[in-house]
Each structure stands twice: as structure tokens, then as C-alpha cells.
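What follows is subunit A paired twice: with subunit B in the first complex and subunit C in the second.
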Partner chain A sequence: MEKKIAVYICTGCGIGDALDVDALSNVALKEYKADICKTDAFLCGKDGVAVIKNDIENEGVNTVVVAGCSSRVNADVFNFGPNVIVERANLREQVIWCHPADDEDTQMLAEDYIRMALVKQKNMNLPEPYQVENLSKTIMVVGGGFTGLTAALESAKAGYRTVLVEKEDKLGGYVGKMYKQVPLKPPFTDLEENCIPGLVKAVEEAGVKVYTSATIAKTAGGPGMFDVTINQNGGTVEERVGAIVLATGARPYDASKLAHLGFGQYENVITQSAFEEMVAAGNMEAGKVAFIQCAGSRDQEHLPYCSAACCVESIKQALYVKEKNPEANVYVYYKDIRSNGQYEHFYKKAQQAGVIFIKGDVTAITESDGQLAIEADDKTMGTTSEADEFDLVVLANGMVPTAAFGEMIEEEAEEEAAAAADEPKVVGPTIIKSNMLNLEYRQGPELPELKYGFPDSHYICFPYETRRTGIYAAGVVRAPMDMLSAMEDAAGAALKAVQCVEATAKGEAVHPRSGDMSFPEFNMNRCTQCKRCTEECPFGAINEDEKANPLPNPTRCRRCGTCMGACPERIISFKNYSVPMIGNMVKAIEVPEELDEKPRILVFACENDAMPALDMAGINRLQYNPWVRIIPVRCLGSLNLVWINDAMAKGFDGVLLMGCKHGDDYQCHFMKGSELAEIRLSKISETLNRLGLESERVRATTVNIMDYDKIPAMLDEFAEELEELGPNPMKDFQ
Partner chain B sequence: MEQNNKPVKYDLTFAREIYSLENGSYIKQCMQCGMCAISCATREIMDYSPRQLFNLIKLGKKDEVLQANTMWHCTSCCTCKARCPRGVPLVDVMHDLKKYAIENGYADYPQAAFYKAFWSEVAGRGKVFEGGVTGRYYLIRGLDEVKKAMDMKDVGINMLKHGRLPLLPPKKVKGMGNLKKIIRKAQELQRKEAR
Partner chain C sequence: MANKSILVVGGGISGLTAALEAAEVGHEVYIVEKNPYLGGKVTQINQYFPKLCPPNCGLEINFQRIRKNPRINFFTMAEVESISGQEGNFDVTVKLNPRFVNENCTGCGKCTEACPAERANAFNYGLDKTKAVYLPHEFAFPMKYVIDARACKGAECGKCAQVCEYNAIDLNMEPKTINLNVGAIVWATGWDPYDANKLSYYGFGRYDNVITNVMMERMAALNGPTKGKIVRPTDGKEIKSVAFIQCAGSRDENHLKACSSVCCLASLKHATYVREQYPDAEICIYYIDIRARGKYEDFFTKVQEEANITLIKGKAGEVKEDPSTKKLVVIAEDQVAQEVVEKKFDLVVLATGMAPTTAAAKVPAEMAYDEDGFLVSGANTPGIYAAGCVKNPLDVASAVRDATATALKAIQSTVRGQQ
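Up next is the complex of A and B:
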């Protein structure tokens, strides 16, 4: 594409007053030979946009650089369709709002941002969406329990062909075997009839293709093109599906491990599910019943987490007893009653029905003459409490996700070499062979777990998203939850699956870079088969072919660029994001000579949290160091070390990486990006030292969006330390 | 709270009796959050905070509950009632507990004697005569209390001087019969509402 470049400098919002706009125009026109450079006092207004549109239509402009506000605002205003490249130079939030007006340094900063934007668009092409051949928009739901049925119904109702796979011979799962269920509608106080028969009927009427007694032997491909082999009754069926909702649920915690609560020892100490069966069969005759909460849950020796549903389930079961005999004595021993949200009404209802709730840890359960006695540490009374003559003790034994059962995948052998070299190595996510999806992914056959075997990825920012694009976990397999949350989860995951097939059909990325049409392209001629891209991709997007070459699956890709950062040969690039593009941006920045005493600090900032934080610093008019030049990156994981070389060679005094928090409670939108960047950084410090460059010149820091107020101090501190180190010795070799 | 560290035993017999009082069933709703305790102005001098008192009821500690000074120190300021997240009308519950304690012979507290004296005065006259209330109070409390009363004589004399304490009882209200009917009706309603 022959580029016709137009630069539009907005002088509104105080930009015109603070900067020498003519000098900026000169940079665009004389230095970078832009075809058109115009200024406007209100570029995002109707007239301003009309000027740009007119140039696109009549002057043949196809590449637009808008110098004004941050790219985080007015994205819709400056969208001129798929055939026009638009690049934004942030003169507002990151220049005039955080640096003094009419200042030499501020002007230099603004000019550098214009240069960077012009170089960036020069190295950029229009992305061509990846098109899947024989794309399927079918949605497959794995698991026919409450969540699975709800998800299948939601997706079928949304107009998508839906396939439901259930391993039992009957739909319904755990909820299906219940006597009655917790309330799902206002006023959330009454026991409800089991909804499963109705749900099964609705699912069948909605035309969902149901496979019962079926398991998944193999899942190959990626979003829009998953080829699933289903084993059913000894035969196999092939289905091509677009996205998968994983709703395989959970299993009750193994009660045989709860001997300290008398399970296995006394016949009348039973589990929640056994009680449910007993009531459903009409065999429940007990007149005095105790429910023991957190039997296994919130216990470091058993399940460290809260199983979330057991409180509400026990309240329900206590009401079964009261329903049968209002005079029955029912006790609930609890740590905290966690009847979240609307279920508070349900808890109150149980109290009103006369269920006694005792806050305390059960210390002993004993039996005499077939009746049980409970001793507990009573927290409200500050002493021990006793209660006896129980006919039945029910243990709320919590839940374990079905994804947590199976053999853990062993780390590969290369580890030894890495350990020997004493190099930090990225620890891959744990994958448990739970035999649910049997994915044909190089990184393992199931979804990576987040914690405790739950295959979530980031429950606050993006629930349902697993670390495998197009596969969405819902219900208790994703996280422990009650029925109301599971219902919401089912709908949420089904809609995510719908989004995924629609985006894939258009060749767009799904979350979090929704709408991005670029995808990584590999220049295989130069590939050395080092496997770093296949190993480091947080989403398992890259398989390996027979010759050990990387085999990208573009529909699995989330476009973070981690592979691009990992590749030592730099053969991976996107149409609009590449190693040379950022490298050239670094080179375009003017670094003054040592004598000018104007140091330069390069900041690679993650677009997801660090960039908004930097913008917010501007919005709050926080002044920070004028030596700083900021380059946004898709994720710090896309940081290629050659950029550090470029920066050092160019004479930058320091490089700062601003990424998200990593580790256990990571906030990285791409799971591993910031962690990978730090690991890569640790590997070059030695090289820097050898070159006579202090490794302190390059460092990484974590920035949360709420840290915007700390940014000035962060940058000033770094600048001070750099000053102590003195100027970059490479400056002289320019 | 008194700590004896003896094991406590959950027994619902007493609790059922309390739950059957006019506002007693609200106690079931208590979730032991402690909002009443931190809202209470007289919590410091109570034996048990309202929350603890409610749990003692569940524990079947009849003596501890009815001998507690908690309800007698309640000033009916309604702060706890307004703040209770479970909507327990604590002030009304406290009134029920006071009445129940008196009826069951647990009225050891001076406040209980004062309630009784005040009530018989109002019920018998339709008005309050300070001298009458004081006299009845000391009669209920016993003669030892009279000695204590002598310590208060300066206050009494001052009140007399300022015309704040009439020497002679006032006349009864007109239509005592109607007042009695009203009271009877109210008591009937109360019994009806109690479950």
C-alpha cells in the first residue's frame, strides 16, 4: 500500500498555548516529509473530523496521525474505517498536562512523540484478518448439570447450534439428584422444586444436540475450528465446534478424610449428598440434626478455600428437617455463614424457622446409644459448648473441581539445564490430566489451573476466560459458587462463547484485545526451532509440527506478542506491531549530546495498566520528569531484548519497564507477560555489565492503574539514580 | 461478660418460651453481628450485651438471662433497634424480657421495683404522684432501702421548696373506669400478638 500520510495537530485543550505548534508541523513536514500537516483548534469536533474525512476522500490520504489526546479517548471519533491507518501522538495527557507550558524540554518531548508516531505508522500495515476455512459457529457445552444445561439453553436461545456432552447416562448432574433446591427467584426465602426436569425439557425443545454417556476423546484445532472426537457407547462421533463451555462441575470432598468429625466411625455421621439422597428417598426420620459447616473447607489440611455453596445448601437441608417436623431441633455449626447476596434472606428464613446457628469449631463428636453428642469451641460465648442426643450429623464436605482430578503434568527435562545454569526460568502453569477435553495442544491436554485445580485465569478482571482461547469455564468447575452464581456463570460463559465464534468469524481477536485483526506471522526460513515461542505463549496457541517447527494457530491467539518478544531470531511480527517498528521508534527519538546535560529515559509501558496510569497522572496534572519518553507495548511479554540494545546504543541513560503485577495474584492481562519480561531482563544484565554499562540502567517495575499518583516519584527516583551513575557512555559513540 | 469457662449446653426449652413472647420470635433472627452492642450507650454497665443475651437464650440459660441487668439498663433510646441489620426491635424485646422477668419472680433490680411502683401508681390514679411512687418503691425494695432514702433528703427538700414535689397526692383522673377499660384492651391485644 502506497501511504499518503497526513498529520493533524489539535491545538485544543491547551495544546496550542503550551507548545510551539509550527515547530511540530515542521517536524512532520520537513523532517518526516508528511504529505499533509494541518492544525485545528477542535479536532474531535464535527468540523475537525470533517477536515480529516475530506482529506481521506479527496486527497487520497490513507494514513492519519492525530496529535492530540491519548489514544484511550475518542477512539470512535478518529476511526475512519478499516482502510485507513490511524496513529495517535499523545500530546495532551502525556505532554502538556504533566509538563510545564512554554518550556524547551516540553517542546522537545512533544516533537519526539510526533516523530515516534510518524515512524510507527511508517512501519505499520493494515492488518488482514485471518479467515478460518470451514468455520463452525456451533457451541459445545461439556457437562450436563445445572450450569451446563443453563449454558446450553442460553446459547441455543441465542440462535447458535449447541452440542451438549454428558458423561452420565442422564442429564442433571449433582443438582438433578436433589430433593429440592435453593431459591433462584425473589423473595429468596422458599425451597423450590428441583428445576432440572424443566431445564432438560427446555434444552431438548431448544434443539440442543445432546450426547449422554459420552466423553471427549480428543479436541483439536482452535476457536472456530475445534474438531472434537466424542466417544459414545463404544463408537465415536466427530463434531466441529466454534467454542467450548466447560461446565463439568465439582465433586464433593472425600469425606473419608474427615475422620476427626466422626465420618466412617459413626453410622449417623453422613455427608451433604447422602442426606440429600436420604430426604429424596423419603427416609429421613431424624428429629434432632446437626449440620457441620466447613467440614474440610477453609482448612489448610484439607481444602484451603471456601466451597461457597455449602452454607446455603446446609440452610436448605436444615429447612427440609423443619419442613417435615417444625418442632425438630436443628443446629448448624459454622465458621462464618457465607450466604452471599440474596441468600441472606434465605439464612434469615432458616433462623425464623427456628434453626439454631452456632458459631464455633467442632472439637469432638462422640456417640452413645446410637445418639451423637457434639462438643464445640463456642466463639460467641467464648467457651466450650455441648449438645447431645443428635440422631444425625451432616457434614458440609465442600467441593473439589472436576478439573483437579488426574495426574499432574511433569515439567519437561530441559529444566535441569536451566537449573544448572542457575538461570531463572518461567514455571509453566500446572496442567492436570483430568481427561475432560483432551486437547491437542503442545502445552498439555487440559486447561491450566489457576489455583486449587480451578481452571480460571483472572476471576476479577475476566471471569470465564481460561488460559485457552475459546474455552470458557462456568459454574463450580471454575470457582466454588452457589446455584444463583452458577446460573449467572452459565449465561456469562455462553455469551463469551458466542462472542468468540463471532469474533473468530471476522478474524478478530477476542478478549482482551477485542477487535484486533492482526495476528503473528512467522518468517519460518530463519526459525532455529529453539521452541521459546511455543513454550512461552501463555495461551498454548503455538503447536509444533513434525519437523519441530512452530505451528501457529491464529484463532487461539490473543495477540499479546509474547512470542514476538521471546523469539531470539526476531522472525515473529504482526502487521501493525513488530520488533523493527518499536526499534525504529526508539531510534527516532532525539537524544541530546552529553554536553547538553539532557539525559533521556526510555519507558516501555504496558498498554493495559501502566498506560492508563500514566494518562491518569496527566489527567490529575501530576508533573513528572521531562527526560522520559514513553513507548506503549501490547504487553511487557512482547518486549524483545533487542529494543534494550537499541536504546543503549542510541544513548539513552536508562530504560524502565512498566508492567503489571506478576506472581501468585498476577494482574497481567496475558498472565505471564510482565514476569517473562523480568526474566528476560535478568538475562541481559550480565551482558550489559560486560559492555561497561551498569545493569541498574535497565530495570522493571510493576504499576497498577491505581498507582498513578506514585508515578512521578517513581520516575524521579529512577532519574536521580541514573544521574548518580552518570551519562550513558555509549552517547559518545553516536 | 462473666467468664466461668464451664461448658455450655444448647437446650431449646427456655428459648421456645422466650420466642413465644410478643416480640420474642425476632430473637431467632439475630445473627450475632454485634451492632447492638457497639451502638449501646449503657453497654459498659450491662452484664451481657444484647447479642450475648440472645445467645444465652438459645443456650437455655434461664437464670443468667433473667438475672441479667441488661434489659434493666436499656434506656429505650432505640439506637440498636434502628441499626439492627436483621430488623430485630431490640427495645421491644427488652420490654418483653423485663415483663417476663417480673412475672417469673426475677425482679431483683431496683429498676424492676421502680417499674412496678410507677405502674401501680398510674394504674390506680391515672396520674403519677412522686411521693406515691417513692413510697411504693421503698416498700417493694424493703426497709433497708429507707436508710438510703434518707441520704436523698436534701434533694427532696430542695424539690419541695421549688414546688417540684407536691406534698399531697393529686386527684384521680376523671373516668377511671374508662382508663381501666383501655388498659384491659391493651393487655388483651398484647396477649393476642404474643405467639
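Up next is the complex of A and C:
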């Protein structure tokens, strides 16, 4: 599009008092030949906005720079529809609120931000949404247990064609074999009849297409266009689906590993599921029963995690015994009773029914005359507790996600090359070949594991922030949980699946860049098949052909730009975000000559956390170094090393990357962005040294959104260290 | 033809999530929030367990989602007055309470500089003060100031209006009522901390060094009343010892009968706050059961390894104050040691639980509640759903999951209504 660019400088909130606004206008009009530049004392007010709207309607302005407050505020006020590009130059939070008024350095900073905004606009275009041919809005649910049936029903009730794939010949899964189930509704005290028969009927009535005795041989494509090959009864069926809910459940922990609790040794030591089947079959006659909690769970030698459901399940099973024979003796040996929330009422019900709860670790189980004796270290009585004449001991043996079973994919990624070059290696996702989805993804056939085999999200605020767009794990395959949680989780995952197909139909990204219509485009002529983009994409969006050419799948893409940052040939760009765009912004910044003694520091800041933190420094009127110029990036993962070269060639004295925490408790919403940026940085130091530049001039730091109070010192310290190094020797060569 | 739009009552993490998830499917959504800002209780939390990451990070992303989504409409300082109609077609009246600051506000803050009146800062549970015209907190969304009418000296003072260059102060603003027609309603009004004044045996309200877990969050927060320093409220001095009393009001026949689900993990997290500031402080947790379910067990394990805490199995019976030193004595039966123990602490933190907001304020529609007042979803009026902590005591991740699920239920109501 032919751009008609207008710059509007707000002089309100003290901007006009602190800065020479005429000089700012000159930058826009004379230096950058903007078509229009106007100032207004209250640009976000009705009259100010009317001026802009009038220019759009009557003067043909289609590209607007608002120089005033941060884009964190007034986004709605300065939104002029999808056909007008709007860029904000943050003169308030990041200039006048954190730098002195009427000051040469402050003025230079403001002028640079106007330059950067104008260059950014010149280098961007309105995105055009990616459209899928033969898009499918069908939701596929994998797993026909309680969670899968619930997800399928919820999806169908929302009006979406739904298919359900179950590997057994019958629907119902683990819960289907239960005698009764834990309460799922208030007052949370009563055993409920098994819901599976009703659920199966409802699923059938809702028109869900059910495949039983079926497994998935292959899942190709991406959201809106997954082509799934289903094996069933020796034949195959093809389904095109839009999104997938993975609800393959968990398996009980292998009780044969619990020999210390007598399993395998005494036939009356049984598992929770065996007890369930025994009661369901009407074969449970025991008059004295012990339940042993955390049999395998909360044990570093077995399952370090808590399996979450066992306490309420054992309370339920204890009540089975009492239901059949109120005089029966029932003991529950536990570490902590975890009947969270309203399940407290259920726990109380069992206590009132006479179930005896003993806090203690079971130290020995022995048998004599067919009856079992338990020795435990009773924590509340402070003694060793000994009880005998048990007819049955039931082990609450926890759960292991189905996603955990299978061969682990080894990192094949150019290990030798990396080792030879002594470079830090990009660690890809851990994927276990559990044979559930068999994705045709270059990075592996299943969802990446988070921990303990669970493909959970790492996020508290975004539990469905999946690493495979359009595929949402639900229920106990995602995380250990009880039935009540699994029921909600099924509906939650179904919502995300539905949302993904709707967004894909519009050509929009899903979370966290929801609504973003840009996507990466590859200039394949210059590709060298280096595989960096296909390896580093956190979402596995890019496949490869036999010749290692990247095959992007835009509907899997989350628009973080990690591929763009990774590409040494710089062939990947978005319509509104590209290597030249940022590079030209760097080049637009005025770097004073060495004699001026005004060093320059370039900061690349993650727009999710570091940018708001910088704004907060302004809101709190914290003052920081005026040599700093900040460029927000979608994610530090999108950092292309050529920008560092650009900055050094331009004469910047230092470059600082501000990104999110990485490691086990990483906070990057694109998983690996800040980590990848640091790895890339480590590779540039040699180049810098060759140019006669100290590698200390370029560094990465972690900034979370609450670190704003640390930002001034962080920048000052860096500036001091750069002063010690002396000016960038390339400064005056440009 | 049913209305496809959805009303979400409550703009905390559950309400925001339900609203955003539905809007990102394509539905028009209205959020009604009683506070002058969105974000609810999580805005007051310093860090989330188990990652110890700042809630503002996720909130900021959610606010970005709102900024970019034209289908989300929100009203702050608003409350639902009445609901009529049925699934697919509800008529709702919403009262908009006066903010006394209009949309002209730029957030420049000059009014606060000029304001001579002060108010107790509810955001910090009264631990400090703000001016009568104030920004609720620095991350406030929307970033607009607000006037507390109870503290404001009114039009005869008018200093704020005089200094405001944008005509943003309107001291005569009146409440307004608006009507909305929606297809489904999500009730996500969350929880209130259980009133610790009802736990007289723990001395809250009588002894200033007895605080609650929500106050601890503010004290540990950089933007809190002590700028993040955990100190004794009576003298602002550093602490050498702290006790956490679990189930303060929860799992208790005389108070909240349910378990509040989050308090164990919250206290373990608070132990990490204390340990970070005080490598040598004594940290005791009095508990009945430590409920770190699922993968949170890792957090429990980590805190035990790293924070050097003492876990005492037993419900604390009483807290007394030594009037001369203001130290507190916690009297509890240690069930493992089989004795009544008395220990002295500088600070006592009550792990008060979650009372559903519906224990105090009911939904203006035919609904059912459990014995603690938690709202039962969809029981009596189809099309009105509960989400988050108003329904079950939940941690944040579970509340988000629940709100996401509830968004789908609400969408189903709008689909059903069409048939």
C-alpha cells in the first residue's frame, strides 16, 4: 500500500514542558518527510482523536505515529480500524517520566524514538491472514474414558462435529470399570452411580462419530487441517479435523515395584483398581480392610509427585466397605489426607462412618494364616502401630500418564557439529514415542513432555498454553487430578480446541498473540538448509523435506519470530515484523561522535515482561541512564544476530538483551526465547573479538515484570562498565 | 433468535479468563467488575506458587488480549442489580457507580499530588494510606484514577479538579444504570478472605503482629506498604521468627467447613519469601495435613529442602501476646511429640481461607448454594454458570481451567438458545 504518514505529537502530561516539540516535529517533517505532523495538548481527548480521524478520512492518511504515552494505555482510543497502521512513540513513560525535563540528552532520546517509530512504519505492512483450503472445524478427541467422553460431549454440545477415537473395543476407560464414583456435586458427601453408561449414551445422542478399537497411525498437517489416519479393524479411515483433545488418561503405577508393601508376595495385597473390580463384581467380603496411601506416589524412588486422586478414591473405597458392612473395620494409612476443597465433606463423612485414619508410614506388611498384619510408624500417636487380621490390603498405587510410556527421542540435532565447535547446544523438547498421535512433525511424533511424562503446560495463568498448537491435553494425561478436575479439564480443553479452529478460520494466531494475523514468510531462494528454524521453533511448526528445506505450517505458528531470529540468511520475515525493520530502526538512531562523550546503549526488550517493567519504572518516576535506546521485540527468541552487528557498526557502545527467566521455572511464553537468544549471543563473542570489540559489550539479562526497581541500577552498571571499556572504536567510521 | 453475547460478572482471574476465552471464540462479551480495575485478587498476590513468578506477567498478557479484542466490553465499579429472562435471552441491569473521574483521565497523576485527603489503602488491606484520589495500583487496568467518596472532601475542596488539565474530575458524577441483553451469564465473583476477626483466639485485630496470609502477600510485594520488606507491624523491625497457622477458619465446623485448597501452598510460598529475606529466621508451620496435590508435591519437597522450615502437626489453639515485647506465643498440641507446646514468634500469619463472595451477596436470580455459600453451577437457572472460587476453593491454575471450561458452557447456552 502507498503510505501516507502522519505524526501526532501529544504535548500533554508534561511532554510539551519537558521537550522541544518543534524540534521533534522537524525530525518528522524534515528528516523523515512525514506527510503531516501535528501537535495537540490532549491527543487522547475527543478533539485530539477527531483531528487524527479527520486526516484519515479526508487527507488519505493511512499510517499514523502517535508520539505520547505508552501503547499499554489508550490502545482503544488510538485504534483506527484494521486498515490504518498505528505506531506509538513512547515519549511519556519511557522518556519524560524517567529522564529530566529540558535536558539535551532527554531531547535526543525523544527524537530517536520518533525516528525509530517512523522507520518501523516504513518497513511494515498490514498483515494478510493465512487462509486454509478445505478447513475443518471438526474436533477430534483421542481417548474414550471419562475425560475423553466428557470432552467429546462438550464439544458436540457447542455445535461442532466431533469424532472420538478409543483404542479399546468399548468406551469408558478406567472409570468405566468402577463400582461407584466420588461425588462430583454438592454436598460432596454421597457416592454417585457410575456416570459412564449415561455419558456414553449422551455422546451417541449428540452425534459424536465414535471409532472404537481404533488407533491413530498418523496425524499430518496442522490446526484447521489435521489429516488423521485412523487404524480400525485392520483397515484405515481418514479424517480431516481442525483441532485435537488428547485424553488418553493414565495407568496405575506398576504395583510389582511395590514389593516392600507385600504386593506380589501376598495375594490379599491388591491395587486400588483390583479392589474396584472386586467390589463391582460383588466379590468383596472382607471384614477388615486397610488402605495404604501414597503407594508409589510422593516417593522419590517411585513417583515423586502426588497422584492427586488417590485420597478421595480411597475414601470412596473405604465407604464401599462400610456400605456393605457398617461393622467392618477400615483403616487408612496416610501421609496427608488431601481431600481438597469441598471434598473435606467427603473425608468427614468417612470419619463419621467409622473409618480410622492413621498418619504414618507403613514399615512392614506380613501375613500369617491368610491374614495380613501392618506395622506402621504412627506419627500422631508417636509410637509404632501394629494392627493385624486384615483380610485385604489395598494399595493406592497412584497414576502414570499414558504419555510417559514409550521410547524417548534422543536429541539427534547435529550433536557432533555442536560438540566440535564447542558451542552451547540448543536443547529441543523431550518427546516420548507413546504412539498416541503419531504426529508428522519434524521435532517428534507426540506432545513434548514437561515433567514426569506429563505433557502439561508450564503456566499457572495459561494451563492450556500447549507447545503443539491445536492439540490440547486434558485429564490425567495432562497432570495428576481427580475426577472433578478432569471433568472441568475436559470442557476447558474442548473450548481451546473450538477456539483454535475459529481463530484458524480467520487466519489469526492463538494465545499468547491471539488475533495476530501476521505469519512468517520464507524466501526459499536463499535458504541454505541449515535446519536452525526447524529445530528451534518452540511449537514444532516447521517440517523439513528430504533435502532439509523448511516446510512451514502457518496454522501451527504462534508468531513469536524464533525462526526469524534463528535464520543466519535472514530469509524469514513477517509483514509487520522483520529483520530489516528492526535493523533499520537501529540504523536510524543517531549515535554521537566519540568527542561528544555521549555513549549509546541499545536494549532489545521482550515486549511481554521487560517492556511493561520499563513502563513501570516510568510510572514510578525512577530515573535511568539517558544513553539507552529501547527496541521492543516479540520475544528475545526473534533476536537476529545481524542486529548486533548493525548496532556495533553504527557505533553503539553496548547492547543489552532484556528477556524472561529461563531454566526449570522459565517464564518465557514462547518457552525458549530468552535461552535461545543467550545461546546465540555466546556464538557472537568470537566475531566481536575479531572485530577488535570486547564481547562484554553485548550481554543478556533477565528482567521480570516486577524488576522495575532494579532497572536503573542495571542500566547504570552496564553504562559504567562500558565507560571502562572506552568507546566503540567503530563509532567514527560510519 | 438467541443472543450470542455473554455476560461475565467479576473481572478477576476467573472472570477475565472466561471472558477472554469466549471472546476469542468469537462471542461478544461484557465484563462487570465492582473494583475500579480488572484483575481481582491476583493483582494483590506477590508471586504464584510453584514457580514464584509475578502474577502481573500473566495479567499483562490478558490485558493485551483485551486491548486487541474488539469483542470485549468491560465496566469497572459496576454491579449487577437484576437478572430476568432465560437461557439465550437474559435482561440484566447493571449499576455503574461513580468513579468521579471520567474517560478524559490520562493517568498523569497531578490530582493525587494536589489532594489533601487520605484514605486507608484497601489494596494493601489497610496497611498504608493513599490520597482520596488515587491510582489503585501501578499496573491498574484501565490506568485511570478514582476518587474514594468517603475520604474526599468534595466540591468545596476541589483541588484535584483545579489542577487537572483535562477536565477529567467530575465530583458530581451520579450512579448510572445500563441494561444488557445476553444469552448466558458466568458468575465469577470469587472469594473474600475469611474474616480473621472471627478467630478471636488467634488475636487478630487485638495483636498487630498477627496478620493474615493475604496481608503477607502485600508485605512481600515490591509495590506493597513496606516496599517488599517483611517486618513486624508493631515496630517495623526485622523478624527473627514467624509462625504460620494453617486452617485458620477452614476445615472448621464453626467457620468454613470446606478446605480452602490453596493455603498450604501459599504458606509454603510465604516461607520462601521469609527465607529469602532472613536466612536465619525460624519458620514454623502448624498444620493438619499439608495439601500439596499433584505436581505441587515438588514445591513442597523443594521448600522443605531449601527453606529449612519446621512443620508441626497440630492445630494451634491460641495465640497470646507478651505486652512488653509484643512477641506472640503460639500454643498448640504437637500431635507427633504428643505434648502441648508453647513457642514465641515475632510474627504470626494466619492462613485464613476462602469465603465465597456469595456467602455474603447472593446472585439476583434463582440459584443454589452449598453450606459454606459456594455457588452451585447451573442448578436452578439454566444459562447462569459459576466459575472459579465462587464455586470451589481453587488455586489459580485450577481457577483458570475452570473458567475456560465455563466459557464453553456459556457458549453452549447461546447455541441451545438458537434452536
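Note that the second predicted complex is superposed on the first by the 725 of 734 C-alpha atoms of A that agree within 3 Å, B and C clash if a C-alpha of one lies under 4 Å from a C-alpha of the other, contacts with A are read in each partner's own complex, and residues count from 1 in each chain.
Operating definition for what follows: contacts are C-beta pairs under 8 Å (C-beta built on N, C-alpha and C of every residue); 3 or more make two chains touch, one makes a residue touch a chain.
Given the structure is predicted, the values throughout are model-derived calculations rather than measurements.
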Fit or clash - subunit C, subunit B, common subunit A: clash
Which superposed partner A:N329 touches (first subunit B, second subunit C, both, neither): first
Touched partner set for A:P197, first subunit B, second subunit C, both or neither: neither
Partner chain in contact with A:E375 - subunit B first, subunit C second, else both or neither: first
First, second, both or neither for A:A387, with subunit B first and subunit C second: first
Touch count on subunit A, higher of subunit B and subunit C: C
First, second, both or neither for A:Q351, with subunit B first and subunit C second: first
First (subunit B), second (subunit C), both or neither touched by A:E154: second
Partner chain in contact with A:I337 - subunit B first, subunit C second, else both or neither: both
Touched partner set for A:K359, first subunit B, second subunit C, both or neither: both
Clash-bearing segment of subunit B, relative to subunit C, as chosen among 61-69, 79-87 or 97-105: 79-87
Contacts on subunit A seen with subunit B and repeated with subunit C across the two complexes: 337, 359, 380-382
Residue ranges of subunit C in contact with subunit A within the complex: 13, 20-21, 24-26, 48, 51-65, 67-69, 104, 106-108, 138-139, 142-143, 165-166, 222-223, 251, 257-261, 289-298, 301, 313, 335-338, 368, 370-372, 374, 376, 392-394, 396-398, 400-402, 404-409, 411-412, 415-416
Residues of subunit A that touch subunit C when the two form their complex: 12-14, 41-42, 44-45, 69, 72-73, 75-76, 154, 157-159, 185-188, 297-298, 304-308, 336-345, 359, 379-382, 451-452, 454, 456, 458-464, 479-481, 484-485, 488-492, 494-496, 498-499, 502-503, 510-512, 514-515, 608-609, 612, 616, 619-620, 661, 665, 667, 669, 704-706, 708-709
Interfacial residue positions of subunit A with respect to subunit B in the complex: 329, 331, 337, 347-348, 351-352, 354, 356-359, 375, 378, 380-388
In the complex, subunit B residues that touch subunit A: 1, 3-10, 12, 15, 19, 25, 28-32, 51-52, 55-56, 58-59, 86
